[in-house]
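Several structures are given next for inspection.
Both of the next two complexes hold chain A, though its partner changes from chain B to chain C.
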Partner chain A sequence: MRWNISYRETWLHRTNPSLKLLVMLALFVAVLFVHNPNVLMNFSLGFLLLFFLYTGYPLKYLLLFFVPFFVIFVSTASSMTMFGEGTTTWFQWGLVHVTKESFLRGMHLGFRALSFALLGLLFSLTTRPVYLFYSLMQQLKLKPKYAYSFLAGIRLLPIMLEEFQTVRNALKVRGADAERGLNTKLKRYAIPLLSQSIRRAQRIAVAMEAKRFSNQTNRTFYYQIGFSKYDVIFLLIIIGITALACYTGIVLPYIPVTDVR
Partner chain B sequence: MELVAFVDQLRLKFPGKEGLLFKDLSVSFSRGEKVLLLGPSGCGKSTLLQVLCGLIPHSVDIPMKAKHIQVPDNWGYVFQDPDSQFCMPFADEEIAFALENIRVPREQMDDRICELLQMVGLSIQPHTNIHELSGGMKQRLALASVLALEPDVLFLDEPTAMIDEEGTAEIWKTVKQIAHDKTVIVVEHKIEHVLDFVDRIILFNESGDMIADGDAASIFQTYKSVIASQGIWYPGVWEDYRKKRRNEQPASASDHEIIYLKEMKGYRKKEAKIHIDQASVCEGEWIAVTGKNGAGKSTLLHALMKLIPTEGTYELYGKQLQKTKQIARHMAFVFQNPEFQFVTHSVWEEMAYSLRLEKRTEEEISRKVEQLLAAFHLEKQRDQHPYQLSMGQKRRLSVAASIIGGQKVFLLDEPTFGQDAKNTFALLELLESYREQGATIMMVTHDEQIVQHFATRRWTIAEGKLVHDEPIIRKTTADEELGKEDASHEMEYKLS
Partner chain C sequence: MQTTKGLKLADILITIVISIVFGIVYKLWGPFYYFVKPFGFHLDQLIYGMWFIAATVAFLIIRKPGIALLAEIAASSSEFVTGSEWGLEVLIYGVVQGLFAELAFAAFRYKRFDVFVVSLAAIGSTIGSLIMDYYKGYIEALAPWNLTLFFVARFVGAILISGVFASSLVKALEATGVTQMVRSASKEDYDQLDR
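Then we have the complex of A and B:
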């Protein structure tokens, strides 16, 4: 059981992962402080374009990845719209009270959630964990100890998934799947899976040390990850999208509200 | 001779266990020696290997003391479990990890990786996902990444314990090719593969005392009975077993059909992975399901248990059953890894579990459990947690707990995998005794000897299809008298 989706490499894949991570984190924080819904809408739109055009995955999968986040967008936006407070009433039915203010705030929150989702998706879809950790070690001086433990952990995930399937079958055969109660169910799965993982993690750690892995910092690297013209392109495009979103949001607003607070 | 590793008066204690594992053990190894450490499981062979290379106490925190100890400068260690010795997802990255650790310059890495893969006979693209490799290939990759460290001394800690017959042969072939100029210290239970390779054997008893140390051939001759009693797979073990088991009855099966398959297909991810044109199983048969890795043997068992979707006709006792739950009343399923099957905290409760689910009376449960505890030699362990049992006990418990509901058909997925000779024979005899009482057995196995000695019929699976369905003609006692020739021929079969 593995995720084996082939994709086309784009400039987003070739950007330095540490740079990408820092820029994405900065944007994350920046989005928190945007209160103009026009700007946020433009921003989301810009990243939506990046997501569909430059992550290099087939459209089918992109849509599939996007579905859960779209659900989040709808649920965040609608709950704020229907239950938020406001003065200009548009519609009222029992507990549901839609006002102009609550609608705008709902939309704003929805787009904020969407921006977060897009930033996260863009990063995770275009970054191989191995490159990320090599880059973190080389550019941000992350200690190899942490980098390789994370990588070893990632390797365990598909193994755990397979084991989960086995445990499920085993429980089914023994009739244990008929038992009620979340607590019992959780225990049935957690104990065998965790005990296997803990033992496996300990063994991997010993195996790594047996291969002379130590805390020394002057190691050589199989993947030399540096900076290239793609990083310039990346920065230019991100700055471009952000600037354009701000400019059009302020100069050519869709709605005449500039602050939803 | 120059010594590469030695330890003088080693004392070592496992936390939580009473008494010392080693008490003033002294042993030394010279350059170029090929040494086999033999002993029953739990006697501390692996621990000794880890002490000799310095993993204990450096990486594994176990209290130890030695008067003198010398650890080799350059060593490599191959572990038992192929799934827990890699930290990177791809083969090239894993080898590169070792190269990085000894600071090989980046420019040389690609060439070194190709060279190492070639050395261990792995003809794969360097950038191959480790998850796609078979167990035997994984162990050879482990060997390659260890060789990247350019070791003088190789420690091999049961590298084939979790590998099938074919993989085992490949691993030892590789070791023999690459290790001629190195010192090799091996722990291995399937010794028929290494007897022609090692030149010295050190024999331990249960409590970790050294009982013999010397030239391989003479130790093997002198201590053969000791080795046999420890459950080690030595050459000729089946021959000896057959002599001991005199009362072998000719296999008998009735013609009462209990499973009938026609145009049966089993699906995984909407793809038909197993296809049976027509086949049937009669009561009292012991069917060995054989075939290559990935041919679809386990898938067949999963289909019979309805753990995967199926299509076509599949009748059990003349009925088409739809749910795993209904089938589980007639059929017991034993998985390859017993631990995943355990659901309770003690051996006794584990056995009682299925009966409790069926709401049988306490009295009946107690009677049945006691009966099976005795039959499966688990009486002393009744209060232990299933995870604390030894390999053999875990296996027996998983079988006992599966069949306690009174099922008449047993499906077993490589139940003797990773078991020593003693436990294998014990389990097979238990199964045979159930078969004589009318149980039907279908068992996936790679072991040709088991097929020849226990099965009544063989199903060969290839590429998801049942390609051969043939009865096994059991050798009668008269054949046995005919002699050695026959047995040695069988031996070759197993080695090849």
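Then we have the complex of A and C:
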């Protein structure tokens, strides 16, 4: 998503998008197998630092972006805390049963959700979709017909939003927006939006095919995306954070629990 | 144009455009989900099924192999790019859910498009999401009564939204005639010509 917010470019913006995506996905899978809350806490803290220092956005926007993630943290943690199984009871009220085990597990889940959110936000705040798809074509050999379809699709977004407004106004003028159930209401918006989008997509696809956008052999690219010293910096910093998180989590734990399962 | 293998650019672009529409719905669904969550008793799981709908709707419109998977990936990536609360997680969930929906359609060799198969695809996506939840959320550690409620709510919600509602949505779309343009000619069409 292109935000109309000015930001300064940091090394995170200049890293190769494909590399960044792969590293983030690898970290995602790695976090799934972390069961030690100390390690996970350090890990989220490290990425929180990256988020606040190197995404290059003004602090007030960063805080704004961060609000929904905090909500996620609380709601993910609370469900497991209140309904999870455990042996050391702290508090019981009706069906709510808070135990030491479920509380720790809940906190662990909260931090896990937080680190996933941070990984995603770090990526989407520092990557321009156009560069991402050009890089996917050049480095990961994504077929051009997929990449250019995505790029064309992104360009259609503002038209769809405009159309949504038109439909809403049309319904309002006819006094049709207040009556009947949710099902009818949903369809009133979905059908015109979908059918118009499909028609438009079909027309654009024919034009793109005629201009050989689906051609795979001997392609040249408007944006040449390669690797630079920023990729080395990126890799070093990520490895550094991960290693430090593991080391301090195991050697200097905050809480004497190593596995929350 | 028929000489190219696999999906044509037109199929891909239409799928992606449909998925982007649903991607925005997915994004808006996030705050709604967290609005419902505090009501407790896993009521939130009833609306979880909305996150599987791109696969079933896109497949019903275009009716080709690979569409369900592509649609779910595209929808989840546009949810991701618009800044989902779940971040990268949605991408992986999207891939797994799309894959399981695709399996359901493949089981009938992409020849059946009724409510039953679509519901089966919705169930498939649900299983995919549960597998991911198992790794991510320690859901097996919830109390048994709570876990049962969680499962039932998610399956019922998925069938209602991504199965029944999705196919009624596409039925309404068929009435506009737009699906005729994007589907490849079926056997019945050729039979009509032979007559």
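We take it that the second predicted complex is superposed on the first by the 255 of 261 C-alpha atoms of A that agree within 3 Å, B and C clash if a C-alpha of one lies under 4 Å from a C-alpha of the other, contacts with A are read in each partner's own complex, and residues count from 1 in each chain.
One rule holds for everything that comes next: contacts are C-beta pairs under 8 Å (C-beta built on N, C-alpha and C of every residue); 3 or more make two chains touch, one makes a residue touch a chain.
Just so it is clear, the model here is predicted, and its values are computed rather than measured.
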{"item": "Joint occupancy of chain A by chain B and chain C, clash or fit", "value": "fit"}
{"item": "Touched partner set for A:Ala205, first chain B, second chain C, both or neither", "value": "both"}
{"item": "Vertex chain A, arms to chain B and chain C (CA centres, degrees, nearest 10)", "value": "70"}
{"item": "Contacts of A:Met24 with chain B and chain C, given as first, second, both or neither", "value": "second"}
{"item": "Contacts of A:Phe52 with chain B and chain C, given as first, second, both or neither", "value": "neither"}
{"item": "Which of chain B and chain C A:Ile154 touches, first, second, both or neither", "value": "both"}
{"item": "Which partner, chain B or chain C, touches more chain A residues", "value": "C"}
{"item": "Partner chain(s) touched by A:Trp90 [first = chain B, second = chain C, both, neither]", "value": "neither"}
{"item": "Touched partner set for A:Ser195, first chain B, second chain C, both or neither", "value": "both"}
{"item": "Which superposed partner A:Tyr254 touches (first chain B, second chain C, both, neither)", "value": "neither"}
{"item": "Which of chain B and chain C A:Asn169 touches, first, second, both or neither", "value": "first"}
{"item": "Which of chain B and chain C A:Tyr222 touches, first, second, both or neither", "value": "first"}
{"item": "Superposed arrangement (fit on chain A Cα atoms) - minimum chain B/chain C Cα distance in Å", "value": "6"}
{"item": "Chain B/chain C common contact set on chain A", "value": "148, 152, 154, 195, 199-200, 204-206, 208-209, 213-214"}
{"item": "Chain A-touching residues of chain C, taken from the complex the two chains share", "value": "1, 4, 7-10, 12-14, 16-21, 24, 30-31, 34, 37-38, 61, 70, 74, 77-78, 80-92, 135-138, 141-143, 146, 165, 169, 172-173, 176, 178-179, 181-182"}
{"item": "Touching residues on chain B, where the partner in the complex is chain A", "value": "53, 55, 58-60, 76-77, 79, 81, 83-90, 92-93, 96-106, 109, 129-131, 145-146, 149, 302, 305, 307, 324-325, 328, 332-333, 335, 337, 339-343, 353-354, 357, 387, 401-402"}
{"item": "Residues of chain A defined as touching chain C within the complex", "value": "1, 24-25, 28, 32, 65, 68-69, 71-72, 75-76, 79-80, 83-85, 95, 97, 102, 105, 109, 112-113, 116-121, 123-124, 129, 145-146, 148-150, 152-154, 156-157, 160, 183, 187, 190-191, 193-195, 197-202, 204-206, 208-209, 213-214, 260-261"}
{"item": "Of all residues in chain A, those that touch chain B in their complex", "value": "2, 130, 148, 151-152, 154-155, 158-159, 163, 166-167, 169-176, 178, 188, 192, 195-196, 199-200, 203-214, 218-222, 224"}
